[in-house]
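In the two complexes below, chain A is the common chain; its partner is chain B in one and chain C in the other.
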Partner chain A sequence: MVSRDERLRKIHPIRRLLSRPEVGALGGALVIWLSFALVAGDQGFLSLRGTATYLEVAAELGILASVVALLMIAGEFDLSVGSMIGASGMLLVVLSVHLGWNIWLAAVAVVIFAGLAGLFNGVLVVRTGLPSFIVTLATLFAFRGATIALTRLITGRTQLGGLQEASGFDSAQALFASELTLGGANWPVSILWWILITAVATWVLLKTRFGNWIFGTGGDAKSASSVGVPVRCVKVTLFIMTALAAALVGMIQAVTFSGADVLRGELREFYAIIVVVIGGTLLTGGYGSAIGAAIGALIFGMVRQGIVFAGVDADWFQVFLGVMLLIAVLVNHWIRRKALQE
Partner chain B sequence: MSTSLLQTHQLGKVFGRVIALQDITMELRAGEVLGLLGDNGAGKSTLIKCLSGVHRPSQGGIFIEGNEVVFTSPREALKMGIATVYQDLAMVPHLGISRNFVLGNEPTRGWGLLRRLDMARADRITRAGCGRLGIDLRTTRQPVGTLSGGERQSVAIARAIHFGARILILDEPTSALGVKESANVLRDVAEARDRGVGVIIITHNVYHAFEVADRYTILHRGRSYGNFMRDEISRNDVINMMSGRVTSTTEQG
Partner chain C sequence: MRCLWISLLFVLGVVCGGCASDDDAGTDTPILRFVFVTHGQASDPFWSVVQRGALDAAQHTGTRVLYQAPESFDLVTMSQLIDAALASQPDGLVVSIPDADALEAALMSAREAGVPIVSINSGGEHSQRLGSLLHVGQSEYEAGYQGGLRLSAMGATNALCINQEVGNLALDERCRGFTDALESQGSSVEMLAVELGDPTESTQRILAALRSDPSIDALMTLGPTGALPCLRALEEIDNPGINFATFDTSPEILNAIESGAILFAIDQQQYMQGYLPVVLLALYHRNENLLAHESLQTGPGFIIRSNVGRLKELTARGTR
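Then we have the complex of A and B:
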């Protein structure tokens, strides 16, 4: 028999480790944590309270990013999540404050609304075959505009408060916005949501058939569909999931601030993509990880709060973010090439 | 002698004003290799896309074991046992070998929300499926992208056979491969044939065709030059027909 084994070298354990998509981000997170620990360690970055503040920032983005990661691994973008956050929060407040609904009923309505919006995005993308970047860029603006216009039409304002008066608010607060005081710091429940959603997304991605289909859909849609993967169904499902994740973030924010602002969630769509990419997911799909996205969100939170602790003007945050994105893309590109070279 | 597995009768495909394929009649039997030959633009791709459910033929019919079939999607063709391995999109590069192997047919365990991939079984299926063709995998978890083009083809062929393909269509399986790799893929084709699979191999490499094929269909400008058994035709005849240097054809039913 013709020998094939001569071509298969032994893979070095470090190489194998490097082939995990989230490894680059993990290293980056360590470096960034150490840097801020050195620079701003005695200004509170290392304290539990400091940790809780950056985890809160990370959690809010991480809930979105883990799900966006799955969609991006399937080869699609969803830019409309930013306006979906604003729309969901506002819908929750309008229904429960302006129309006097029970907050839980309003929450169910928000979930249905977001699900339909995601379905709309997904069907539009798979039916037209247009790039989802463009389709959801359009719905990003359309949802945001409609939220502003309708809110002003119905209430005459663009910011609404008073959610604490709504019936059922206390139980909603327990689920979406409660805080656990531990070691002198307040740990918001959103951190638990973040961990839970990242865990579920990771499980789906790595342990289920659907996860394998996500990789197949993004890696090579044609070859996946030629072996029977329902590629369109996978994409539409994931568009619904990203819209639902955005709705969850919108509701968490609305309950936390007991009100809503039509502009909430602005730029979240790009932050989400940035942290997903920092987390090692390929922009072209087929490769990536939900844990990576969570680590990306952690980096985002540490930098955003860390430069405040370090006494640097917060204006510099976006510069940091842009530079990190570039470094992450370069490092990930290099790691991936190494992984495929074996 | 085995009976007819796949037949086409006066198959034609029209795209708008372009007649891509006209009057193609051919036959494939179980345990046989059919070489589908022709120069670029001869209609080879259109023909196999009709057979694999990507295109719907405009004229004529496709028959499996004597019964006419109409496919509206590749999945339907797959259900009837027609598997197609395309040259460059056979596999998902970043996915592990066994994950690729079971893609679309993943084994699971557990129920309801806990229903999950059975990777141990996926690995066993992959090893067994590849082993049957004499492909010895060192590891089943490494990304397919680390395999060479020929190894990818071999694994894709093994996958198609494992999941019950009775008719295997290979689109230019050797065109991007070196000499040794091509030999390996052709050996896999022979192995599939010996297991009773009917293989259609599309190529414009006459030498590769002559190495494995039992019969030939030669296309030129959307038409068939006819069907030939291996001993009815010489290499030079085939080359001449592919390039259109022969005008008289010896059509056979």
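Then we have the complex of A and C:
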């Protein structure tokens, strides 16, 4: 018998499908949608308005999650995204309301600020070699504290409104917060942002050399480095990207609610990690998907809003979230083991 | 694998269990359904009384009430919960308005959908503009001012205003009223921010503030989650010269008033903020009744040593 190259081995299409990271999440999303459709279908969960509300929740988290997924595939965490949302939203409002800047100028300043903050996180992680979990946990608190302290120092308040008076607000609203009324429901433009960013992240991950570098960096940084992958550069770039995604969410929220408060984005850092893991990305890096993260965000949105339709007290939401995280990890673990056998 | 299915069933069970009571809706007159969306968690001793009031009123009026709140002070989530509540087409919406700008769009769509709104607790000054039928609450600035005058009359000259929820406009207003009252009497006030969710850290922060400035002779906390750490800090520092008063009540606060550790509590009688909106909305639907007032003031009332006994019994029942 001629032994064939094992790289040319035929894999059954179903097995190949099951070994995709997002399959578990997709199944989970279907189960959850069906459960709520059965339980709360006549309470408005199936209506277009109901669908729009959970897609909006999913979109804001999904923008964050698909970028966080890339970073986690590269083997790092960014916990500072939660406070980056608060910091960017507040910066936008302080600059354009309190200091009277044009809102677009303020938005450019926010993007530069977020880019620098991401650069700081990234350089700190690759230079010190400390776990990114600790480094960004530190910056999570530092950014939040600085946002509260500086906002109070400059404006004497913790909640700022009146963004609709800023010059350039109308065009900013069109880009960040416009709504399309269709079928009696308002569909926010953030859903488009979510789809766009997930698509770009997926394309980068699967079709570009940078995507290969991300997998290599997270899979085994040493071997990746020895075959010429610029591991440090990949990580720093991704830290900048997560900070920019957080800034985008912060600006979307600031423009949507025509103001900001210093607590915006609280807990989003953990929600982002949770939906990325639900989406099939491994905590250890080297394996995962941006589409999976988007499906994870969809699950989050459906549960978050679905319990209102089902008439369950909000107290139960966190129970659901915890149980789902556990189930997701178990399913992913099981599917991966089955798929990789033999 | 088996435990996987068991956990999945558990999730489904919770979903189904939570709404099993919805199946009896098939009678002649549809049961009125009201949704509360507030910024305060039902785990907060203050808000659990509001929830109790709402549920009691639902029972007394034969209506159904659902209580929703984000798991931390989070206006984005709160506005999204309002959207979901509206999409479920309730017969009435009861909301607190801690930030009018942030909730304006969500409340506007309630008005478009023809869902009557009653606002409670915070946001009374914006209530009319945002299309609420009526506000049920207390003017936070006025309550802070009255509390400040009272504490000042007891001899306060250098006070701390302890804020457990920085970013909540209502609490900032209480502090502002308190500060204005004391400053009108020639005294000074500093604000101290503490952690809502972490009593140990809050205690330490209050202790640090008291030790760094021994001239502080008065403390005002803005709710039970700030008052309890404060009580512990005062026990530790053991300085009888510090006058301590608080906003809102809880069983522990009443005990402290009885023992004299707290001089008085500013009570906004929040049970009514849960109870009255349900009654008002039921009357609005069933009898086309609408009060002529723009707002119903449930406070400030003061709980002092002489009236604390009876209130303790009621607090134990979870209605004060």
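Things worth noting here:
Heads up, the rule we're going with is that the second predicted complex is superposed on the first by the 332 of 342 C-alpha atoms of A that agree within 3 Å, B and C clash if a C-alpha of one lies under 4 Å from a C-alpha of the other, contacts with A are read in each partner's own complex, and residues count from 1 in each chain.
Basically, a contact is a pair of C-beta atoms (placed from the backbone, for glycine too) under 8 Å apart; a residue touches a chain by one contact, two chains touch by 3 or more.
Note that the coordinates shown come from a computational prediction; the quantities given were computed from them, not determined experimentally.
Contact with neither chain B nor chain C is seen for A:T198 once the two complexes are overlaid on the shared chain.
Using the contact criterion defined above for the overlaid structures, shared-chain residue A:G286 touches chain B, although it does not reach chain C. Contacts of A:S80 after superposition on the shared chain: neither chain B nor chain C is touched.
Of the two partner chains placed around the shared chain by superposition, neither chain B nor chain C is touched by A:T242.
By the document's definition of touching, of the two partners only chain B reaches A:A224; chain C does not. When the two structures are aligned on the shared chain, A:F309 is found in touch with chain C, with no touch to chain B.
Once the two complexes are laid over each other on the shared chain, residue contacts for A:G211 go to chain B alone; chain C is not touched.
Comparing chain C and chain B on the residues of chain A they touch gives the larger count to C. Counting contacts as defined above, no chain A residue meets chain B in one complex and chain C in the other.
Considering their complex, residues 1, 3-4, 7-8, 10-12, 14-16, 18-19, 21-22, 35, 41-43, 66-77, 79-81, 83-89, 99-102, 104-105, 109, 166-167, 169, 172, 193 of chain C touch chain A. Put simply, chain A touches chain C in their complex at residues 31, 35-36, 39-40, 43-45, 47, 49-50, 52-54, 56-57, 60, 148, 152, 157-159, 161-162, 185-186, 253, 256-259, 261-264, 266-267, 304-320, 323-324, 326-327, 330-331, 334.
Contacts from chain B toward chain A in the complex involve residues 52, 74-75, 78, 84, 86, 89-95, 99-100, 102-106, 108, 115-117, 134-136, 138-139, 142-143, 145-146, 148, 151, 159, 163, 180, 183-184, 187.
Those residues of chain A whose C-beta lies close enough to touch chain B in the complex are 1-2, 4-5, 7-8, 11, 19, 203, 207-209, 211-213, 215-216, 219-220, 222-229, 282, 286-287, 339-342.
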